[in-house]
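Please read the structure below before turning to the comments.
Labels run A, B, C and D following the written order; every chain starts at residue 1.
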Amino acid sequence: MDKNKPTVAVYKFSSCDGCQLSLLNMEDELLNLADAVDLAYFIEASRATKPGPYDIALVEGSVTTPHEVERIKEIRQEAKFLIALGTCATAGGVQALRNFADAGEYAKIVYDHPEYLNYLPTATPISEHVKVDLELWGCPVNKAQVIEVVVALLNNRKPNLPTYSVCLQCKRRGTICVLVDKGIPCLGPATIAGCGALCPASGRGCYGCFGPFRDANVPALTEALQKVERYPGETMRLYRGISGNAPLFVKAADAILSTGTDTRKETK
Amino acid sequence: MPNDHKPEIGSTIVIQKETFNAILSRLKEKGYETIGPRVKNDTLIYAPIEQMDDLPRGYITEQDAARFHLKHTGHSRYFDAIPGAQSWKQFLFPPRAELFALRKVNNLWEASTPETKTPSYAFIGVRACELAAIQIQDNIFMRSDFNDPIYRARRERVFILTVDCMYPAGTCFCVSMETGPRVKAGFDLNLTELEDVFLLTVGSEIARDLLKGIPFELASAFLLRNADQGLERAASQMGRKLDISNLPDLILNNLDHPHWQEVGARCLSCTNCTQVCPTCFCWDATDEMSLDGKETHRERVWDSCFNPGYSYQAGGNTRPTIRSRYRQWLSHKLGTWKQQNGTLGCVGCGRCITWCPAEIDLTKEIPMLQEEAR
Amino acid sequence: MSDVLQETFKELQKIPWFQELEKKHLEKLASVTALRHVRADEVLFHEGDKEDCLYIVLSGRIALEIFIPHRGKIRIYTVEPQDVFGWSSVTPVVHQRTAGATAVVDGLIACIDSEKLRKICEEDHDLGYMVMRRLANVVASRLLVTRLQLLDMFAHPESQNAK
Amino acid sequence: MVTQQIARPAAINTEHLLEPQWAEVTSITKEINDVSTYWLKFTDPAIQKAYTFEPGQFNMLYMPGFGESAISICSDSNDHSKIGHSVRFVGNVTNAIGRLKVGDVIGLRGPFGTYWPMKELEGKDVFISCGGIGLPPLRPAIYHILHNREKYGKVTLLYGARTPADLMYTNEFDDWRKANIDVQVTVDRGDSSWTGRVGVVPMWFYQFRFDSRKTAVLTCGPEIMIHFVIYEALARRIPLESIFVSMERNMKCGQGSCGHCQLGPYFICKDGPVFRFDAIQPFFNVEEF
């Protein structure tokens, strides 16, 4: 083992494993990566583990159980640089839908004996529990961004991550705006770029998995989206999606519900 | 009357529509990549076209603020569909372009530049406004004191076949910007589509050579009058208009106008207007570094003044609000551009209106600056 | 006029501050003014002292300092020739010196008895107006300096509250 | 209106966009805590020979993998053997430069931009007013005056920094004073060991007498300082046309092509950084412009 190689640990919290899989999916790059860093703890890839502390901790998933609350604190103590990986870790992910409902009700529907479950009423991002040094959004994360972050850390610089919306990436790849052209509701104008505009390029609206960009004008987007809703309440539901627990999107969905501009209510 | 002599530069000839296929073939024979409007995924894009059948015959586009609809009406004309989001700028000023790669050898950096052959494009169906936009970008990228090597190489090779606009769309205002609908100068070949025939006006020696042996007749006064009437009708049917008589002063004297705040509240800062604009030219350069830091690829990409990171410098942002970014865009486009290049930066193509999801319409915003008391 | 008064009168005359004054006004001012030689590191007054004089620097450099517990004395301003300090003694706010004054180098200063100055200004409003107008300028410029110092012009943007 | 430009920078690759020339770090001078001066020499002697610049111009320094940063040239324009850049370590690129050692190479493009109008200023009193990292772009102007001292009238340098430890080039001040340049230094705050002035740069105007008809003001520094220097200069009836300002924006291409550094009708990288004040006055007080 090269002593100079930074050690990397990969952890999983409540999540689908998709972000870890996208790390494994790197193929060519993974070999280079394994060359450049020491993958000391990566259960998904290898059962051989080395003890901490680690230089870089990649944490996938959100915090949903009392045990996870404790575990993330331990991980933080062992990690010099902690990266929250993917939308579960940065915003709570799809399981954060329970934050807007009664988790107990959900559990009753799904399980015969919900009393055996030990879970928290909310699913929360890593940053609500410990200090996070960098957040990488996306469901799943973009592997080029993961590599960029590792390269940046190895070379002592800040990573170059986009500051603009998905729209700019759409245009750079020649994708025609699905919102204007097809009337498909799209969160692209308020979502930070990073995915390479995957969904719009496949003729679908962006569902905001990379989360809002810093200056996203969400109220103005709500107005635009409500004009093209294909069913009542679609805009509200779009915000309450994968990144539904991201503060700007929470605010947007709440605003729709509270101001009565929720078209779903009107049609009831 | 078949003939093998070439039409004179400046002359207008008439050809049968199907003859146009021969012109496309000629262009391809001469090594041009023929690009034109095509229907793909129920929308209109610019893509390679092999023959006339690839053109959007029978289509029109309905355009309004935040609305674009490609519609098949079954008419028999090839060039009636007013262009969509894409413009020719993507071919001359590509959205991504690799600049060079570097590799560290010993203590030195060795450069290698990508060995890509500069494409020779033939643009088929460039509108008057679009030609004006290309000429505006020429002023940005090919100045006396600076030449963009990527742009220039492509621009010098391009063959431009323009088309007179007969049926403008709802967001068009080229008449106000004095760029259309009639194509004036700077084309190789200009095409005017009449019901049964194409009129072709020859603009360059290359076009003359291209037409050698193609059966043509000189256009009759009747047909020319027919074309004139079509263009007059088109000019009277512009979907939008804009009074530019007091530009750029109106904007530059009103930089603190409260209306900027109002429009800033509606603007998404999504960059769409700048990306579909055929004259917007902002770009950024980024490095992609290898894991060991010993290799890097430098790439040029489209950027936008609406990108929050665009005006970031040494830890601060010069334009931290959407209001200030919108004002930068519009005050440049319809204001300071004039001082930089002698013309305004807008050609009246209406793309920024059509493709703004928030329905921001500069032909409405400018009059607001005039009306609202300071 | 006594010799001392004569000398004071001559020194005051050099100050642009007073050049617009009529002779009788300048004489009045000279009568309430004493000249004082100061040596480097000499303390003119401490923070918290009772206020008694308005000063004008004729030569040298006077530092205004505030003592901050655990950080020591911080120089917040230096007064250069022809500049005024101790102006708050004429328009008392807290009746105590709000900063200390120390001579940085040897110099000469004019000390105007502030109580007497207020008195002659009360007696002669023409003189009072001139003095107060001048003081207003001093206060305004001092306020501007303070604002600019507060802005911390050299702070790096990222260390300030970013928008 | 704006000072004229040099048409063809020596270290500019016209065939490949943004591809730099390479220069070797020949020495490094630590100036203050977060600023060091990097002395560079082109690896290609022919370029070094052809390279000239005017006081006030800047180069784009390129760290492969990190990007480019616009850094003004702080060295003597008469010295053709090396080029100096005082770099403050604030971002990715400048921090990477901070890790360079003597013998390492760095990419360089330039020189770019307009310059201090040293020719026009001949016969005039020159009042240089700058703060912090605003001194480096003015140092070549000071060197130019030193070499041509007889051509200029009264020359004053007002230089301010936050604290005494933030003052740059202090070991040269005596040389400048010997050449009859009135060097005045101030800090925003000092401790008891600092015997110099305390106060902000614009305030010094209160202690100087101007012949406003023959005085030109050159200023560079934090934008807020520039604002107040200009207010004070204008208050002393120095005409707009006699005030020269060096502005800063995020320069990227250096050639007025990429758009980033725009200020109204100007590309700061090509129409600036040095402006005669009347050119930028209409945009000077427009917030966030």
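Operating definition for what follows: a contact is a pair of C-beta atoms (placed from the backbone, for glycine too) under 8 Å apart; a residue touches a chain by one contact, two chains touch by 3 or more.
Keep in mind it's a predicted model, so treat the numbers as computed, not measured.
Farthest chain from subunit D (centres taken as the mean of C-alpha atoms): A.
In this view the innermost chain, defined by its CA centroid being closest to the centroid of all protein CA atoms, is D. Among the pairs B-D and C-D, the greater number of C-beta contacts is found at B-D. Taking each chain's centre as the mean of its C-alpha atoms, subunit B lies 40 Å from subunit D.
If you average the Cα atoms of subunit C and of subunit D, the two centres end up 36 Å apart.
Chain centres here are Cα means. That of subunit A falls 45 Å from that of subunit D.
Work out the mean CA point of subunit A and of subunit C, and you get 62 Å between them. Shown for subunit B are the residues that touch two or more other chains, namely 286-287, 289-290, 293, 303, 312, 314-315, 320-321. Within subunit C, residues 156, 158 each touch two or more of the remaining chains. Shared interface positions of subunit A, defined as residues touching 2 or more other chains, are 155. If you check the complex, the residues on subunit A that touch subunit B are 32-33, 35-36, 147-148, 150-151, 154-155, 160, 162-165, 167-168, 170-174, 176-177, 179-182, 186, 188-190, 203, 213-217, 220-221, 223-224, 227. On the subunit B side of its complex with subunit A, the touching residues are 41-43, 45, 66-68, 84-86, 90, 95-96, 265-272, 275-276, 286-293, 301-304, 306-309, 312, 321-322, 354-355, 357-359.
Across the interface of their complex, subunit A is touched by residues 65-66, 92, 95-96, 99 of subunit D.
Residue ranges on subunit D touching subunit B, taken from their complex, read 5, 7, 14-19, 22, 43, 64-68, 90-91, 103-105, 107, 248-250, 252-253, 255-260, 262, 264-265, 267, 270, 282-283, 286-289. For subunit D in complex with subunit C, the residues that touch the partner chain are 90, 131-132, 161-162, 166, 186, 188-192, 194-200, 202-203, 206-207, 221-222, 224-225, 228.
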